[in-house]
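In the two assemblies presented below, subunit A is common to both, partnered first by subunit B and then by subunit C.
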Partner chain A sequence: MLVIKDLAVKFPSRFGEFTAIEDVDMTIKPGEIHGLVGESGAGKSTVGAAVIGLLSAPGYIANGELSLGDTNLRNLTPDQAHEIRGDRISMIFQDPQTSLNPLMTIEDQLIETIQAHSNVSDSAARKRAVDLLEEIGIKNAAERIKAYPHQFSGGMRQRVVIALAICTDPELIIADEPTTALDVAVQSQVLDLIRRLARDRQIAFMLITHDIGVIAQIADRVTVMRKGKVMETGDTPQVLGAPTHPYTQALMDAVPPLDHRIARFRVPEEEGTAGVVTGNTAEKWLLEGQQYALTGLTLQDLCVRFAGPRTSLFRKPEPYVALRDVNLDVRPGSIMGLVGESGSGKSTLAKAITGLITPSSGVMRLGDEILPAGKARSRHHPSRQLVQMVFQDPYSSLNSRHRIGAILTEPLWFYGFVQDAKERERLAAAMLELVGMAPDAIDKYPHQFSGGQRQRIAVARALLARPRFLICDEPTSALDVSIQAEILNLLKDLQSMFGLTILFISHNLAVVRQMADDTAVLRNGVIEEMGATEDLFARPKADYTQTLLSLTPVMPREWQSAG
Partner chain B sequence: MVYFILKRLVQSVFVMLAVAFLAFSLFRFVGDPITQMTGVETSVADQERLREELGLNDPFIFQFMRFTTDMLQGDFGFSYRTRQPVAEMITDRIPATLELGIVALLISLAVGIPAGVYTALRPKGFATQAILMTTLVGVSIPTFVIGIMLIFVFGVQLGWLPTFGRGGTVQIGGWESSLFTIEGWRALLLPAITLGVYQLTLTMRLVRAEMMEVMRSDYIRFAMARGVPMRKLHYRHALANTMVPVITIIGLQFGGVIAFSIVTESVFQWPGMGLLFLESIRFVDIPVMGVYLVVIAFFFVLVNLIVDLLYVAIDPRLRVKDV
Partner chain C sequence: MVAFLKRYEGLWLFVHSPAAIIAAIVAVLIMIGAVFAPWIAQVNPYDLSSFSLFDGLLPPVWQEGANPQYLLGTDDQGRDMISSILYGARLSLIIGLAALTIAAVLGVGLGLAAGYYGGRFDAIVMRIADVQLALPAILTALLIDGIARGILPASMQQDLRVAVLTLAIALSLWVNFARTARASTFVQMNKEYVQAAIMMGQRPSRVMFVHILPNILGPLLVIMTVDLASAILLEATLSFLGIGLPADSPSLGTLIRIGMQFLLSGEWWILWIPTLFLVALVVSINILGDFLRDVFNPRLR
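Let's turn to the complex of A and B:
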């Protein structure tokens, strides 16, 4: 049993000590799955790192008690702490792509870990490893164990990670966002596995996640954290179903429901960005640019092929088909949601539309005009201005060495909208206000902003090109739920205000349900199903859509706030 | 895999052709070979006859083709200065330079990699700071100054080591080696250290930077969280991953060591290719310069090929299965 009392972790710096977490209390019983939720920066991972003794330097435990069973975790020498790691406490990391050593076989990594904690022969360790992989659900384990990590798919890799974490029979596993990088189908398998391990092996899990759906599905108890402090803790049905703390309430409000559509998200207060400021210059300027009426997009039999891996010296490599005969009709002025798992071709579709890759066949029409494919589209083709894009990761989509002003005014001179530099600055500032940011942001650099603010800047940049068609590629998947709610509200407002047509790409079904008028489901480059969002979610026809919907973790209806 | 090697070989052919072209251009554009070869008393008619005989009036492309085919057959022409075949002059000198370069490389690796690992694992230690400072000084001083300082201390003041030449050499086949006698090793030590210092610093700093990066990676943190013994963690997990990028740089640098051993060789009067090249420049011995260029390029291409193969050996992700 893990007991945490009054835990405080501090990070000394030149500017004094920064308190990452304080007054954290938590107990996790054997076999219990304890959810730890909160937004990024809430200190969830710091709690986990403190327990396993891997706080990144110069952080240290300033106060509190930490004990596992009879062992006081704070009194250990570094060597003793290292022995306990793996043996009694283990950890699962978020991204299975990066948490395995790429240069060693699975076998070597498993055997090494087993032998680090028990004195067994190579063959005994190997047998245990194979049995474990079988148990975890890796078929043909005796052979697959010889493979390197890159030869496994994402879900399989996360299973291997879990096998590595449990191969020494630990009492406690700290799972830090174990399913965030996985598709829903794989996520539900991994969650099942975690539940099974907790039940059968009586392993205690500390499940760190920002996804309340996941918590609702498998956690026995839950602790809500914010800014390094515990807001609320208790049994999951009680905390999520009848939250007493206003923050928990706000967090629950921000979670997009999967089973019905709500008009607007109620966003947690305090972030200070109250909706869209109306009636300013930016809005006028944008409306003025509406000489093109609503612009739709049609795709006809669009195919994209990539060169596959070369298998022989003399044969041409088999092409890899990323998109096959995609027909898509985005009605003018509507939001088309595009959902699918990773690798289904969602982003490829966006790239084909924006002319970043060349489709092998098919016709794309923007409004009534045929869009030239890929490189055939000239730099000055009108669609380069009419079609704009908001990318997934606001941390890498803004040039970190340019000021916000430079980033925002670029489309204005580039497309020749505004000749006067002063005027451009004014317009950029006005646009910042329109997307809910202070206009003085114009002199700052991207790194001075949070993820949500950066995504607002990215939206502002896209709008300053006076687009008629906006492609949002997973615009909120890198953001916290409350920030996600704000950005989604913003996009909805802007869309209705300026009659934009939006292609909204996401793997998150609940978000698409809230945003899209029509939805298309993409799988392995083929559209499985397409239709009005409400119909599609209420009465999915394709088996695949039904599976996706049933696997998405949801909160029981009675816990949801009336939206 | 086979495909990969073949692709690399084809690329190498083009690189070699380009270098051969440069070397050939030397003949064409750096002075007139006929005036170099003949004296003032040779008549214009004789000069013209010689020009015709040597094929210098043929179209450029034919001359270049002849140059390349001759090279491929091992015919590198004759030195203007010594009238010896260039091939012979170069092969006489290659062992000296190669031995010097390889020993310098080994010294830099044997010291650089452990020092890099040490300084990465104890980034704040006193020894780390001392090592970093010393190597910084070492890399800031030009090679010839280091060489002269070493000569002054160990050769002149202490009188421990010889200051020039190769010492005792042994003939093995066509290879004149100084690796089999004590005298030879004594003579080799100072120039090899001089040549290796820069490499050493670079290797160390690179290993340190890469290792620190790797130590922050998820798979190291995960291995730490599983309680993998520290020694294995550092040397089996971290160092192997560190070496992938480091090998490229070391390979490129080794080509550089061979090519730019000129300074060291002249300080220590080391009878290698660098010294030969210097002498050739002094006497505008264009055939030797041209061949030197081609040989060095060949080394670079070879080393790069080896580096690519090492990559594949270390990193399983690069091994594409042959069908």
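Let's turn to the complex of A and C:
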């Protein structure tokens, strides 16, 4: 049993001491899955690192008790701590790509770990390794064990990581975002495995995640953290179903439900992001720019092929089909949701529409006009202005060496909307207000803003081109759930205000349900199903859609707030 | 705030790095000396009338038989060592900086374009760079020297020695810039801000120079300092071997070459003083380059 009392971790720096976490209390019983949930910077991972004794360099435990069973984890010599790590406490990391050694076979890695903690012969260790792999659901384990990590898929690799974690029969496993890098189908398998291990082997799990759906699905108890402090702790149904702390309530309000649509997210009014849009100048300017009516987009038999790996010097490489005969009709003024797992071709589709890649066949139409593909689209083609994009990663979509003012005025100058430089700055500032930011931001640089603020700036930049068609490629997947709610609200407001047509790309079904009028489901470059969002979610026809929907972690309906 | 801290961070690291401080002081002193050589030096080593053979081979002041007028002694022509070194360093630095500028403009331009366009253009530029790397700088210098001798009339050759030398050094240094610029550009090309700019339909030159270049400046600056040291050393090597500058307009390399003749006859200062001076200059520039790399690359810290 893990007991944490009054834990505080501090990081000394030359600007004084930074308190990463303080007053953290937590008890995890054997066989219990304890969810640790919070947004980025909440100190969740620091708790895990403190328990396993792997705090990064200057950080140290300043205060509190930390004990596993009757061992005090704070009084250990480095050697004793090393003994306990792996033997009694194990860890599962987020990214199975990097937590396995790519140059060693699975067998060697498992045997190495087993022999490091118990004195057994090679053959006994090998037998145990094979048994373990079978237990965690790898078929044909005796053969597969000879393989290297890259020969396994992402989900299988994460199973191997779990096998490594349990091969010494630990009492406690710290799982730091174990499913964040995985697709939903794989995620649900890994979560099932974790639940089974907790039940059968009585292992205590500390499950660190930002995904409340995952917590709702498997955690017995949950602790909600924010800014290094525990906000609320208790049994999962009680904390998520009837949250008492205002922060937990706000967090729950921000989680998009999968089974119904809410008009707007309830967002606590904070950080100067006024709910009411005030950027009047910008609004007028945008409205007067509507010389084009609502603009839709149609794709006809769109195919994208990439050159595959070259297998012979003399043969042409086999093409890799990224998109196959995609037909898509985005109605003018509507939001089309595009759902798919990683590698399904969502981003390829966006790039084909924006002309960054050249489709091998098919026709694209913006409104009534044919959209020239790839390199055939001249730099001055009107679609370069009418179609704008909001990217996934707000950290790389803004040029970090340019002022916000320079970033925002660029479209105004480039498309020749406003000739006067002062007027451009004024309009950019007004646009910042429109997207809920302080107008004095124009003199700052992107790194001075948080992810959510940057995404607002990215939206402002797209709007300043006076677009009629907006592509949002996973606009919120890099953001915390409460920020996601704000950005989704903003996009909804702007869409209804300016009659934009939006192609909304996401891997998150719940988000698409909240945003889209129509939804298309993409899988391996093929559209599996398309239809009105309400229909598609209520009565999915394609098997794939049904599977996706059933595997997405959801909260029981009675836990959800009314919205 | 963070921008300020970053700048502050560099300064903080600088104040806490004695090696960097000493290197900076040495480099700055040498550069000031070189820039103001005509005002500081008591004799002009290029002006035959300003020194006399009677003062030849005087040792530094701390040795017997020295003339206190010449602190570090004189060479066989009676030239004051300090003045020769200051003028020599001036020439070395001019050639080094000019070569560096040419190399940077050529290399960064080609590297950026190679990274931006990719494909065939990239392949051609990089193969040329590979060939260039296979040729030692001395060979390049000899080649350019030979071509210059073949094309130019004899009267111009002497005047153009500096230009030929500069060009030779620049040609052997541009590859570094091209490779770094290309690799960094590849990284930036995948960033979404670049895709946004391309999507808008901005001119390739604008995307390259306004958007990408400021973002890859860090590693390029580091290469610049390190390559400045290389350029000065290259110039010294070439001059030492006699391909570079003639004895009547001595750079540091030429001074060392002249000094070699006196190594075994007891007049050690004629060789050692310019050599130590060159070492001090190159080492301090290199230390500054390493320091800059640390500032720009926090992961190496």
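Quick note on the criterion: the second predicted complex is superposed on the first by the 553 of 563 C-alpha atoms of A that agree within 3 Å, B and C clash if a C-alpha of one lies under 4 Å from a C-alpha of the other, contacts with A are read in each partner's own complex, and residues count from 1 in each chain.
Convention: a residue touches a chain if its C-beta (ideal position, glycine included) is under 8 Å from a C-beta of that chain, and two chains touch if they have at least 3 such contacts.
Keep in mind that this is a model prediction, so the values were computed, not measured.
Visitor: Regarding the shared-chain residue A:448, is it in contact with subunit B (first), subunit C (second), both, or neither?
Guide: After superposition on chain A, A:448 lies in contact with subunit C alone.
Visitor: Is A:95 contacted by the first partner subunit B, the second partner subunit C, both or neither?
Guide: A:95 contacts subunit B only, not subunit C.
Visitor: Can A:380 be said to touch subunit B (first), subunit C (second), both, or neither?
Guide: A:380 sits against subunit C, while subunit B stays out of touch.
Visitor: Output check: A:398 vs subunit B and subunit C. Expected answer is one of first, second, both, neither. What do you get?
Guide: second
Visitor: Who does A:414 touch here: subunit B (first), subunit C (second), both, or neither?
Guide: Touch status of A:414: second partner only.
Visitor: Just to be sure I read the superposition right, which of the two partners does A:356 touch: subunit B = first, subunit C = second, or both, or neither?
Guide: second
Visitor: First (subunit B), second (subunit C), both or neither: which does A:150 touch?
Guide: First partner only.
Visitor: For a test of understanding, state which residues of subunit A touch subunit C in their complex under the given definition.
Guide: Listed in rising order, the residues are 14, 354-356, 378-381, 384-385, 387, 389, 391-393, 396-402, 410-411, 414, 445, 447-448, 461, 465.
Visitor: What residues of subunit A sit close enough to touch subunit B in their complex?
Guide: That would be residues 52, 54, 82-87, 89-91, 93, 95, 98-104, 109, 112-113, 116-117, 148, 150, 161, 164-165, 168, 174, 309-313 of subunit A.
Visitor: In the complex, go through subunit B and note every residue touching subunit A.
Guide: Within the complex, subunit B touches subunit A at residues 2-3, 6, 217-230, 232, 236-237, 240-241, 244, 314-317, 320-323.
Visitor: Which residues of subunit C touch subunit A in their complex?
Guide: Listed in rising order, the residues are 1-3, 12, 191-193, 195-196, 198-203, 211, 214-215.
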